[in-house]
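Okay, so subunit A shows up in both of these, paired with subunit B first and subunit C after.
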Partner chain A sequence: MSVSYQAVGWNRQKKIYDWLIAGFCVFYISVFVGLTLVFNPEATFETLLIRTTSTLALLLLHVILSIGPLTRLNKRFLPLLYNRRHLGVTMFCMAAVHGGFSIFQFHSLGNVNPFASLFISNTHFTSIADFPFQALGFFALLIFLLLAATSHDFWLRNLTPKVWKTLHMFVYVAYLLIVLHVMVGVIQYETNPVFILLLAAGSATLITLHLLAGRKEVQKDNQNYQLQMDGFYEVCRVDDILEDRAKVFCIKEERIAVFKTAGTLFAVNNVCKHQNGPIGEGKIVDGCITCPWHGYQYLPHNGCSPAPFKEKVSTYDVKIFEGKVWLNPAPYPEGTERPGAVIELEPVIIKPVTPQNI
Partner chain B sequence: MIKPLRKKHLQIWSLWALILPLGMIAALIARKPVVNDAFGQVQNGKALPVVIAEKRLGQNLLQLRGTGPGAVQQLLWINREPLNVASATIYLSGLPLTPSKGGGTASVRGQLQQEANKNSGSQQNEDKGIYIGRIEIRGNYVFGLPPQKEYHFLVYDFIHQQIISRISFSEHDVAGRKETSQSSPTPNTKL
Partner chain C sequence: MRNDEFYIGWMQGAPATFIQFVRKYLLLIFFLAAVVGVLLATSQKKFSTATFEYGKTTTIKGVYAPSPVPHLSVKNNNEIVFIPLVGYGKQGAEGIIQELEKERGISLANKEVTFNGTLLYGDGKVLLQIDKNEAPLKQLSNAEASLPSATKALGPASLKGEVIDPKCYFGVMKPGEGKVHKDCAIRCIAGGIPPVLAITNEKGEKNYVLLVGANGEKLNDKVKDFVAVPSTITGELMQVDNWLVMQVKEMKNDMATFSSDASSQIASACEASCCKKRMQQ
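Showing the complex of A and B:
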């Protein structure tokens, strides 16, 4: 949204969120170290560090991957999405400490380069039980490094949202690598079933959330609008749309958000220019449509961001007929001003007060 | 989110819904029986009083211990110097293992397979043997042992999949003919 790149917009909400992340990490590390010292007092500092950071990173990764589908299933989770990148970078830091110390402890004591040792010390690629699982973790860490390094809006703008989003979808590949890293690595030597159950529960939760959210989106996309008139489709009743909010309709492959504000309906493309966020799930703030993901704003009548910002989205024609909303899915060029549809107020009949109707 | 991305998300997670459970199940099935509870590490760490046999591995000391001569019940590993690997495990092997020409860095599978071939048809040596426990920092490690006539231990680095050392106690050692059986207190654990 900014015309110049700033390091981070440290607003109050982000500060609170970051303190919560830091506090949780400190709490987790303290509890994990404390329990390990009680139940396994012979554990070395390196082992403790490797295990603490690995489990914390895995937990954070599950939280991060849950946020997307949770927001699609319930809007109350949107504040988490707004701050997700900080959580991602924190997770990468934990994973990097785990990876770094693992390479140090398991591969730096010989006379072979530790990174070479990582790949040549075990070549049982055909065995599941003896599979070189550390290489899987290494590649996952490389993906996390790439994602953390390109997490700033500078890269989003220069790579374009489409490329950036595609790149960041590699987090799913990293997740697969991590699960396999744990399953063919630690789990092969770990006798406590709790670890296996936790990982299985985490994966099952993620899969369920993503499939449920995906199914919901498909249902939205497959809605049929039968009534048609001069290129307009009947989509809903005027009363179905709340004031300063929108309803989203998918007609002819793309989603359109119809906002109601100050007695008028306006239709804009539902895809935010920042990270392709769902504009229609946002609300009108200070007269501007505000994307729920990262707060990018657009004027409802022309789809332009308020000056000095330069983002624009397409606009559409909308009209009201007999209390129903009719929408034309043919887009106007981005930033084209449209009059919208004025909601005519129903006349209020004021009856004179007489002794008979008291 | 644009429609192609929404579709890609759903496709990926539909695929993961198949791959992840399959991968987990395969990994669980492939798990080797790593610990035999009967011979696992003794929880209280107390060594039995009689030293039946003793051998050195560098600065470290290995003792077969029991309650009387010839009745081996424990291995006491006195780790006076840290091992060069952080992932050392001990296995009780079925047959004596000869040192490899490469200074003990041959793969377990390869070397054991060679020995299995020598024993024409015997499947006994196709694995490392019974997992006994793990050695980490300096200190005393007490492991329970099954009764046997002779003991052949394999120190194995499970990360690098390599044999680190082999220690054998022959029938004579176990019978107490080479080493003097004597009552001995457990060494101080703080080395």
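Showing the complex of A and C:
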């Protein structure tokens, strides 16, 4: 995490990601504008601009919201997650062009302020079919503006990860507002069922992905650990944890990742301080636990990020008894050094070479 | 995926299996984007063929009259064409006409004038936008003028349609009707552009009726609740040259009722109130 505000550093992967975003936008705009002009040659520039940016923004929003659950279901989607904020800012830019130009087109050059016009023109707030849909889009755009403006790690640091994450969960409120904006807006005008079917398909896909990812998380959290000894719970066999990897256990609502590295087991809190990423799905890289989401790192023995970074996670006591891993879910304060549990090597029995065992 | 493969975004490259997987996903996403783009582009309602000659001005000579709405009556071969006037943006023409009258110290009513403005036309109707920044009044004859305007009373009528603002409908906006354009139409009508009822018969043919009050007064501040929703308008219908004009007595839709008769407005209000009370009971 940047310890001070600095411009986004583009590495090769980010550059590829951004070129793909640009290519995707150009591709969609070409298809939509080209076909609209072929099938509707009377289309005006203004309407094309409003419709192209709105449909592209909604398409991007579906892609953005699907990335989270997809990565929970399959780690190979992680490259899409890493630079997702650029996708979000692109989506906001499209939505801003749509919203800004719509306010100019439909509300400016009149007898009242365009922003006042947005709320006083159609006042049928109690009607479903005639509800003033543009106000819904306006509030969604405000949320997107807030999210785009705070997307830099500078804000994550200053707002604290918890507040930042909570703020960015408002993307789901914005999505709901957008769905309503479309339902009581364009779908009240267009007669072709394609519009409502596409929106329903998009929403159904997102809901399904979130439910599947949620179920997977709940299954992890609902594991029962019955055997208990002096506050320690038996969680697995030592061999169940692969070298430089971890297994995650949820005991008494504590999500704990137990890593195995260099012949020792270490237990740290599973929630990354950056964006609540699942540390336990990470790997030991250069001696550091590395979060799979954005590569944030922590030292296994004390849960501290290597200098100059300052993130810390809680640590836990872990021990080995008869080849089993025992874990105490009582957390130590973040950054507390713990010795871990040394894995004793099993004695190697060297058999004499005889003709029978060759 | 091999167990030792691990993706870290800040590294220069991603593991091969991750790259292959993401490539396939991106192909799928691009394909879906194409499908969505094709479906959306080809499913939109047809745009109207109405035209707003943006950036091009035309000079028109005719007789100006402020009622039923500010318009020019223009002789075209053997018929008189009724051309409603509108202002720049979401404004009616009245303000500009008043400024011109003040400037010239003479009423323009029933005078032969030559206006320079931007034409809007579609579906057999023509409107002229005049902009005070473009010195719209090119010529003015001080003498009273008259054209043999064909005004004919058609009697009482009740018509169902959608209240629109004719400036957007006849070319400035596409679409210039329906829910998506509702706020704009409300703003245009509030700004002085005369309201029009767009009606469609069973064959899909359209006609347009300029709406004025029961005594010929402006209705701009009364029609807000009837814009862009199916409404039934009742009143005295008349033909003025190539336009239908209705002196409105009553407007109704699912959400609102308007009556030019004050006593019936009170009755409607009482009825609504009593109905509400009954529902509460």
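Assume the second predicted complex is superposed on the first by the 347 of 358 C-alpha atoms of A that agree within 3 Å, B and C clash if a C-alpha of one lies under 4 Å from a C-alpha of the other, contacts with A are read in each partner's own complex, and residues count from 1 in each chain.
By our rule, a contact is a pair of C-beta atoms (placed from the backbone, for glycine too) under 8 Å apart; a residue touches a chain by one contact, two chains touch by 3 or more.
Bear in mind that the values here come from a model prediction, so they are computed numbers and not experimental data.
In the three-chain model built by superposing on subunit A, subunit B clashes with subunit C. In the superposition on chain A, A:105 makes contact with both subunit B and subunit C.
In the superposition on chain A, A:176 makes contact with subunit B only, not with subunit C.
In the superposition on chain A, A:130 contacts both subunit B and subunit C. With both structures placed on the common chain, the touch criterion links A:264 to neither subunit B nor subunit C. In the superposition on chain A, A:150 contacts neither subunit B nor subunit C.
Contacts of A:302 after superposition on the shared chain: neither subunit B nor subunit C is touched. Touch criterion not met for A:205: it reaches neither subunit B nor subunit C. Of the two partners subunit B and subunit C, more subunit A residues are in touch with C.
In the superposed pair of complexes, A:189 makes contact with subunit B and with subunit C alike.
Shared-chain residue A:336: touches no atom of subunit B or subunit C.
Only one of the stretches 6-14, 60-68, 96-104 or 114-122 belonging to subunit C has C-alpha atoms clashing with subunit B in the superposition, and it is 114-122.
42-44, 46-47, 105-106, 109-110, 117, 121-122, 124, 127, 130, 134, 184, 188-189, 191 are the residues of subunit A that lie in the contact sets of both subunit B and subunit C, per the superposition on chain A.
Interface of subunit A with subunit C (complex): residues 11-14, 20, 24, 27-28, 31-36, 39-40, 42-44, 46-47, 51, 55, 59, 63, 74-80, 82-83, 105-112, 117-118, 121-122, 124, 127, 130, 132-134, 184-186, 188-192, 194-195, 198, 242, 245, 282-283, 285, 290, 292, 294-295. Every residue of subunit A that touches subunit B in the complex is listed here, in rising order: 42-44, 46-47, 68, 105-106, 109-110, 117, 121-122, 124, 127-130, 134, 162, 165-166, 169, 172, 175-176, 179-180, 183-184, 187-189, 191, 196, 199-200, 203, 206-207, 210-211, 214-215, 217-218, 221, 250, 253-255, 271, 276-278. Listed in rising order, the residues of subunit C touching subunit A in the complex are 1, 3, 6-14, 17-19, 21-22, 25-26, 29-30, 33-34, 36-49, 88-91, 173-175, 178-184, 186-188, 190-192, 225, 229, 255.
Of all residues in subunit B, those touching subunit A in their complex are 1-3, 5-6, 8-10, 12-14, 16-17, 19-21, 23-24, 26-28, 30-32, 34-35, 84-87, 109, 136-137, 139, 158-162.
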